[in-house]
């Protein structure tokens, strides 16, 4: 009975937010920016950059970086070493190539940054790249439409980051048929379903999502030596990155008896849902010690919810290390966020695209090295991108 | 009275939440005659016409049409029994044209498809017969004048053989000229043998064409008289006298 | 000499009159479709010139495929709006009927039965909408808003938020397999439009649906059982939503509770842009079809030109605004004239 009630309640909450977004798409975006308290100027800057594709002003990290710290230099070096091992060196000369990328949504700051990074990496490597997206974050059908259209255009390689495991499969098959190489970056395509449908991926570059959850769990346990209750705000049910992060986190936490996992709540990557879920959680479990949110948008919403409830001392972790999260960590409102270099990530993907086009093959998945940014190291990471 | 009774509504009562709209009202309509029901707003005449046309159910009373008697008439029963109503608001679909409005709810079809051609021919003939002039039958009716719309509503009522035409305030919201024309048309219909029951608040107007007059006040029939037995002046006096009787 | 000119003047006048009559007819009956077609042509010409990949058969097929299910929804919504109602539960019905189909597929029932179950669930939900709207006489906006939450909630309860994926290949073959070199959804949309033409224009049903929007009281007084039509138009919408649901789930190889989010808004947008009045009474089937195309063209064009998706919503909104303002101005002029 209790479960049923909880089900009903959560359904009502989900739909509450759905209703808001139904009335106006922009309202959703606005709500997101509001809750995350993005400095208006900053996000505007981002938007304009994306719109005009004037990414060259931001250029690549090494050039702009008067303020790159030693830690960051070390991280970059580690990264490059790991990539060199997995991918191999960038070919010196390569033929003409046109690359397309399908990302998840430009209403999420993470993907806005990714878009900028793609374009910057394209400039650096001399590879023309177009970055496209579906209309909104949950719109699986329109993301497919975009890929279907791109499959018939003159791209040599398309890098896809699907909203869920299966939504892009017909598009990938079409790319296969048209001889367009497909790289899967980030959230995974359900390879089993893809194979069943008669398609294949040419390469996969991704993050080990379980590792992200594990790293956060370990850091959290270090900071909570006396144990306590913890919770997870997951993303969209069924989305690979959400499931992976949640799994990594819960397995690590549950292995230790002094910690109790009280709830795993799906909040669909949505700030409003995460905000409400956090309020509900803290009311039900006043002794809650830590929350792991599967992305920063939800983590920042959790921060807001806790400060609105007048609760402090709860450790909040996110994933993506967005600008807003960085500010929150610096202020001590958030404890940490899982990060990797988006600039290096996209650059590696582009390098793989070029190598595929030159006839190279990648048999195993390429995994990115990960970094946990927390309150201790955040200030030594100036210039990390 | 030697005329054959076409419809008689006997002892009809209806109340809405303790407000008695009709109290034991008995009204008869005769074949080939025009019966007028006169009353001010709130006298219960609209409630009465709704009951006759089948859209309201009376609390008490019986409606006799020919040999059949009904406690409650449905819209379809009323139509089948030959009672045709021209509502005060005319009940036209403004987006549809004249032909479509005349045939609304009673379209001619061939193998399930609307037979527009046949309907157009029939509509034109019908309008011609009752002398309603509409230049363009395919014009949406919202662009027509009040008189033309009234004519359309009457044409629709007369499409199937009608025993009794119920007219609810046929001249409401009409200018003097158009009112006169409408009255002229009703007179013409009477000469064709179509019985009518006209509900109106305007005594002078119906006096010229009606054969029998009922006057209603506060849900009751106050006066029940044949027009040939009285004159407007007499009727007015009668109304005043009866009202005094009621009060004292 | 004089005679010659006479005849020619007469003939000219005759031809002029005829032209005027034809133009007048087009203006009266098809003004919004014509305007939209002009828009479509302008955009197509622009895209053909400025991009390489637009003007190709493949791309046309892409546009058709990407909009087949939107087209089906919009046709149903056109009937609903013509009848003076609105249905906000379309997206929810789409998702629920897709989930019904997917779950019964997972239970390894025969495919035909699964599809039938999906269609049936959608139709039943439509009937529920219709009955509620008719029986309560509450504004359909509110009724279907409520049912849209309820249906979406059902989807979430049934799936617990987890998408049902990896549907059988044979189902996907039906839902998005190849017919005439295009996904079967395109054929489905085409068949539905063709089937709607007689029903909507040449049968009682279409006429009564329009009267439900124009003057429902009049229809009732003419002895028509309005409940039949009120309920059937919602049932049709539910049915078409489930057809779309099956197409969408077959394409995406998954049925999820979040599918079809906001799709009712897209459909309403297309219907209104196509020239159907929001208060009902008169519907425009062709206008709706063309408006869906137009919106699809814009989406496709923006993708091909690599323009950010930020613009798409703004442009769609602006076009809708233009369309309603033009329609309103025309309406006012017609009322005065």
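In this document, chain identifiers A, B and C correspond to the written order of the chains, with residue numbering beginning at 1 in each.
In this text, a contact is a pair of C-beta atoms (placed from the backbone, for glycine too) under 8 Å apart; a residue touches a chain by one contact, two chains touch by 3 or more.
Just so you know, these numbers come straight off a predicted model, no measurement behind them.
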item	value
Fewest hops from subunit A to subunit B - one hop per pair of touching chains	2
Of all other chains, the one whose Cα centre sits farthest from subunit B	A
Central chain of the complex, centres being mean CA coordinates	C
Centroid spacing, where centroids are CA-atom means, of subunit A and subunit B in whole angstrom	73
Inter-centroid spacing, subunit C versus subunit A (mean Cα positions, whole Å)	35
Centre-of-Cα separation between subunit C and subunit B, whole angstrom	43
Subunit A: positions in contact with at least two other chains	none
Subunit A to subunit C touching residues, read off their complex	7-8, 10-12, 14-15, 18-19, 21-22, 25-26, 47, 50-51, 106, 130-136, 138-142, 144-146, 148-150, 152-154, 164-167, 169-170, 190, 192-193, 196-197, 236-238, 266, 268
Subunit C - residues contacting subunit B, complex	198, 202-204, 207, 210-211, 213-215, 217-224, 281-282, 334-335
Contact footprint of subunit A on subunit C as seen in their complex	52-53, 56, 58-59, 62, 65-66, 69, 88, 91, 145, 149, 152-153, 156-157, 160-163, 165-166, 169, 172, 176, 248, 251-254, 256, 258-259, 261-262, 264-265, 299-300, 303-304, 306, 308-310, 312-313
Residues on subunit B engaged by subunit C in the complex (per definition of touch)	53, 55, 75-76, 79, 85, 87, 89, 91-96, 100, 104-107, 109, 112-114, 142-143, 156
